[in-house]
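In the two complexes that follow, chain A is the common piece, with chain B as its partner first and chain C second.
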Partner chain A sequence: MLYIKCPYCGLRAQKEFSYGGDATVKRPNINEEVSSEDWDNFVYMRKSPRGKHLELWQHIAGCRQWIKVQRDTATHEIFQTAKVTEEIR
Partner chain B sequence: MQKYSVFSLIKNAFSNHQNWEVAWKDPTPKSEYDVVIIGGGGHGLATAYYLAKEHNIRNVAIIEKGWIGGGNVGRNTTIIRSNFMYDANARFNEFGMDLWRNLSQELNFNVMFSPRGIINLAHSDAQMNAYARRGNSMRLNGIDAKLLDRDEVKKLIPMADFSDEVRFPIFGGLMQPSAGTARHDAVAWGYARQADDMGVDIIQHCEVTGFDVVNGKIKGIRTSRGDIKAKKVGLCVAGSTNILAEKLNMTLPIETHVLQACVSEPVKPLLDGVVTFGAGHFYISQSDKGEMVMGGDLDGYNSYAQRGNLPTIQHVLTGGLALFPFLSRLKMLRTWGGIMDMSMDGSPIIDKTHIEGLYLNCGWCYGGFKSTPVSGWTFAHTIAQDQVHELNSELRLNRFSTGHLLDEKGLGTKTWIG
Partner chain C sequence: MSQPFRLNKEGLINRNKKISFTFNGKKLFGYEGDTIASALIANGIHLVGRSFKYHRPRGFFGAGVEEPNAKLQVEFNGHSEPNVNATEMELVEGLSATSQNCWPSVNFDIGAINNFLKMFFPAGFYYKTFMWPKSFWYKIYEPFIRKAAGLGVASIEKDKERYEHKFEYCDLLVTGSGPSGLASAYAAAKNGAKVILAEDKPRFGGTLLTDDVSIDNLSGKDWAEKIISELKSMPNVTVKNRSQVFGYYDHNMLVMFERVSDHLEKKSKFTPRQRLWYIRAKETILSTGSIERPIVFGNNDTPGIFLSAAAKEYMKVYGVLVGKKPLIFTNNDSAYETALEFKKNNVEPIILDTREEHSSELIDEAKSKGIDIRFSHGVIVANGYKKVKSAKIGKLNKDKNSFEKIETVDCDCICVSGFWTPSVHLASQSGNKLKYEEKIDAFIPDKKKQHETSVGAANGSFTLEESLKNGFENGSNLSAKITDTKTEIAIPNVNEKKYGAHDKFWCMPLPKNENPKRFVDFQNDVSVSDIEIALREGYRSIEHVKRYTTLGMATDQGRTSNLNGLQLVSNIENKIVPEVGHTTFRPPFTPITIGTIVGREVGMEYMPTRKTPMHEWHEKNNAVFVDAGAWKRPRYYKQGNETLFEASKREAKNVRENVGICDVTTLGKIDIKGPDAAEFLNRVYTNAWMKLPVGKARYGLMLREDGIVMDDGTTTRISENHYHMTTTTAQAANVLSHLEYYLQIVWPELNVNVVSTTEQWAGAAIAGPKSRDMLSKLYPDLDVSNDALPFMGYKEAEFFGVPSRIFRISFSGELAYEINVKSDHGMFMWEKMMEVGKQFGNQPYGTEALSTLRIEMGHVAGPELDGRTIPSDVSLNGLVSKKKDFIGKNSLGREAFNVESRQKIVGLIPIDRKSSIPEGSHIVQDQNAKLPNPKLGHVSSSCWSVENNNPFSLAIMKDGKNMIGKKFFAVSPLKNKSIEVEVISSHYVDPEGKRVRS
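Right, the complex of A and B next:
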């Protein structure tokens, strides 16, 4: 079981969360000309690194907030969590 | 090479089976090969075998970081099927079914292919309609499909919960009678033994650390056991695809996730073929030893750990219990995990790349084992001829940018949901 520290609710079990994927993927800006390649990169292309991974989770069975989690994809260790508006370095 | 037969078995019995030939050698890497296949799993071994057999390219090396058959080919739940709706997937996997049917004879190795059928259960009228459509598509592609009503399903799996109190009653199902299971390790070993016999070097415990690319052309690879020159390099590394892609500065439409499976203690023959639960993600078959082999959802987050967490096992088995209440009396023998190269539309990629001489075989999601022979066959063709075969002409990397997706399940890019 993973234990994820929700910035709003504290340490909670993995079962309360749902995964939202890579947090470093940026949606192209609205109202700007977007090339097909940029759309491709946004929709399909993923680095999926082995090691530190910055990702989104939603505390779906709790406060329902989206949060950022920095986790190791090889060991499942969680280093840091933050609100989506905050930065994790 | 020593032929395996009942006579060789009897002959070797006289020497207490101490004098069998080694099945494959343990060579030191040469400095140069015509083709280097990275990844000694089922797909890599099959690719090397078909390169030697179909295309007479024998100066081939397989580079494996661990030991052959130690990854997903030894971790899957051994299901073989071709019950796909889209033409590209159906044709590809049905060609594979033909290879499976003859594989034990061809490899002189009993892969124990056992076509006892797969039943996908339906739990609503809408699901029955969807299965009727899928079954018709399959039949148009020459694949056997049979739409079963509730009573027909009951005859085949009477131990399922057919009572009135269930949340998801069984309405019927779609069956592919020619689907089945095989002994997964034997597939890897059988291909390895034949490939080795035809001159392929199987190099184990050798990690690829980098690539030598000059002017957009592959020149060789760097490994933990020295540099190896190669005219062509094929990537068959499933869950490690993104790691190697990063070394090539490539970004792929793939995420790596962990999938778990489990087996129960062995029991007497109970379940004939494979059954999938249509209202949750759960499937089950019984191994020849009698263990109930079960699997279901991905854990649902990026992972390279080859092990998962208990909540997913619990969730999967909750679905299992809803379908087969008898499972509550069985002890679980073990659980394990493997890492999946989840492509963004759920279908595989077998293609050339923008680097000349570099070929890609990945994106198998959790369905790579059934395609082992056809994947090797088409990948060998793609490498040898430097062009895709008709069978993998739609399994290309550029389908994501051109919009020709093969989203068999229609799940979009949220790979962790599927």
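Right, the complex of A and C next:
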């Protein structure tokens, strides 16, 4: 079970979180024209990297905040966590 | 009742307390502190089981977790457990143990014929023999193999025991209480760290209990006791015996299996049997010690053959002799200690040492005591079928590949030592890539992957002095980093015997023309020739060899066989062991019970139960409940001998004719506040929300980004910047997360807050033509006329003195209202409604009637919004705005969503107007067509229409809009039914929706 540092609550067990997918995906702006290709990429296309992956998690059994987690998909090492408003370098 | 192999005084058992038990029906006794194994050996019993494949007689081999053979079916405390390790299970009064994998008995086992047919059972036998014909597998081969090669029998009784889970955090977890573990725990505790010390065995001390050493002038055992009692007195230390740390998982989480009460005769109802500890440790000390490995020789699986350290442990811990005419077969000095222990107990051993004549402290001591030592000697083959009777021994030539002299000596046991293998399982599980240490011919941990530090024998240090030093230093340094305190501890003076070098020798050669089985893996019956065959047949990777031969795959995980197997492979391949590599170590280190994994999450505790504030009333009034997620909802209220069908029909009919009330507390409720709330709802829902006035409700539909309907419900504008959203019961949690996702990540600029208020409000729906009359009596001072409170209207008013919310919304399609009061007032509201409703013929109705009402109205719910439908599929495209953007809008333009023959919701009635159509039925053109019969759609919801008094169903059908009036078959292979149906509109009752507006 992973040990994830919620930027609001501190280190908590994975049990308290739910996974939310790739954090680098950006939704096309509302009320703006978007090409079919861009839209399909946003809805369906995801990378499945081996190694560093920036992802979203929600602390559902805690503060309910969505957070960013930079994790190694092969080793599960977590390099950094941040609020969604913060940048991860 | 004498015990022929029990010593008069040695051992740590309690001789004042006899414990009686049975083995294969025979009444025996042992002492408190015995294991099943030590008690049986004391009684002279060695034959305890039959081997997995050849059904060869097997006895004890080890004295703890390393035991590969002695797995018994054990009955105690009223339950029966298979595959119990006899060397670990403590004796309790009344315990009854039986042998496994033998029929009719362990003494005469018919399956042993396999032993004489062994040329037909080589490696890969199952794969080669049972390949074809394919159809034979399930009916003939598989049951046969199961029967012939089984282990124990799992109980089919419900497990009445209690199991618990515990979550714990600590600075330092120490796994094993041998010298290095004790030293680490002690040093860390002195630095003020929060320490957990776990010991698998009942007694602390590890090898200190059996080795002839002294520390600060105390015996090893006394020193261990002193340290343990000091640790126990410290508030920052938790000391646990009978606790096996069996798994090392991500982010330094370790899992420990505690045997809490199996050894107790009496326990309270609330004492768990076993407990699973999830321990998150900042640092971990792996002081798991090492396990002796055997030397491979002919018939080395005969009962009476032991690891030499196990023989010593039986003498020193249990006061039991494994034999009275022992042969000690060794390639190193440690077995000499076993020999000396025999000698001390007036038993004369013979030592066969594979090394050439030389001298060391222990050899000299053995010589001085007059022990018969034969250098350059080894056991070629053990004689005896159910027990060792003698051994053919040989003097090895200089190259150790043939014999200069062969003779037979009598013996009743053989104690074998092929040197020591560090227990690196936990280190390997942590991700540590192991490295091969030439000096000890074994793998030890390499670079750390997590916060784990291996010390003592687990790290390949086999001297006490080194282990202690290692332990104190690491315990102190690791904890000082955490606590910022460093207490100096003087490393104690140690007195131990110095060992000479071991012999890199692991398998006895065979004389010409002799071919006895030489086992590498006892538990899975893997012999030297099996491995040779696997390599001859081209298996190269050690992982493949493992799977083909099953080497190291049994419950003992190759604890005694692993390295010998690797040595054998590397010899044949002309490689060195590190080139061959090792197989993966996986948790659990030892088998654990399923009960422990499950813990308390059984029966009612499997998941939380959510009850509405009116639950007790429902119970008292014969409600039959149904699970809706974690909620309990009344399905129907049973009157007399009514069936579900009769009751739901009565309840639904009463709503259509009079008035009924339904507990709708379980609907998800989300409070939405903020100046941008309207804009937010406008983006979340497919329909328009900017112009909803205060005091009005609106039905809304929300999609996922892929255009699929996510949920529906009504949202009411309570005040300017305050909305009350309802969701379906099932989707409540998902919708909240969905809203939070968009507010926190996608549109953080929107000033809106959302919070779940499901638990805060109790809800009751009042539905039926007389609902307004009833409402007017519930709110005598309020104008509830159609003008004052129209369809989709909202009012706040006092309900007999308590604040309430009135929504004029309808799920049943009837004139209906929904009243919400604070949860604490839920029961009050419900009872008042029942009281006031009497004069209008009010009856409560459950979810079954609720479904009936919505189905015949053609209102969609979960079965239609099944994660595969878009708005037009369920005839809700009228709610999809063309003017504005919303979540999922762009996906609705996808080609597949707009084809002419797209699926659509329809209604179905049986031609005979009698046969109910099973939900899940497939709609086909021709019920007799050849399979696979093309599927045109499926039945999503079915009911008995109370309005028309015949069955009615909703279905999602291909090209649904052009199917009205056509006839098909609804086929349910599950229910074995095929019903001819006619397609009609999905709105079977009141298609214009007049009633809700009346």
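Basically, the second predicted complex is superposed on the first by the 89 of 89 C-alpha atoms of A that agree within 3 Å, B and C clash if a C-alpha of one lies under 4 Å from a C-alpha of the other, contacts with A are read in each partner's own complex, and residues count from 1 in each chain.
Keep this in mind: a contact is a pair of C-beta atoms (placed from the backbone, for glycine too) under 8 Å apart; a residue touches a chain by one contact, two chains touch by 3 or more.
Since this is a predicted model, take the numbers as computed values, not measurements.
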A:43 touches, of chain B and chain C: first, second, both or neither? both
Which superposed partner A:78 touches (first chain B, second chain C, both, neither): second
Partner chain(s) touched by A:1 [first = chain B, second = chain C, both, neither]: both
Touched partner set for A:27, first chain B, second chain C, both or neither: second
Touched partner set for A:55, first chain B, second chain C, both or neither: first
Partner chain in contact with A:9 - chain B first, chain C second, else both or neither: neither
Touched partner set for A:19, first chain B, second chain C, both or neither: first
Chain B versus chain C as contact partner of A:64, first or second or both or neither: second
Set of chain A residues, in rising order, touched by both chain B and chain C: 1-2, 13, 18, 36, 43-44, 75-76
Residue ranges of chain A in contact with chain C within the complex: 1-3, 13, 18, 20, 27-28, 30-31, 34, 36, 39, 42-44, 56, 58, 60, 64-66, 75-76, 78, 84-85
Residues of chain A touching chain B in the complex: 1-2, 13-15, 18-19, 21-22, 36-37, 40-41, 43-50, 53, 55, 71, 73-76
Complex contact set, residues of chain B against chain A: 242-243, 246, 251-256, 300-305, 309-311, 344, 400-401, 413-414, 416
Residues on chain C engaged by chain A in the complex (per definition of touch): 167, 249-253, 278, 280, 431, 449, 683, 705-706, 733, 737, 740-741, 744-748, 884-885, 890-891, 893
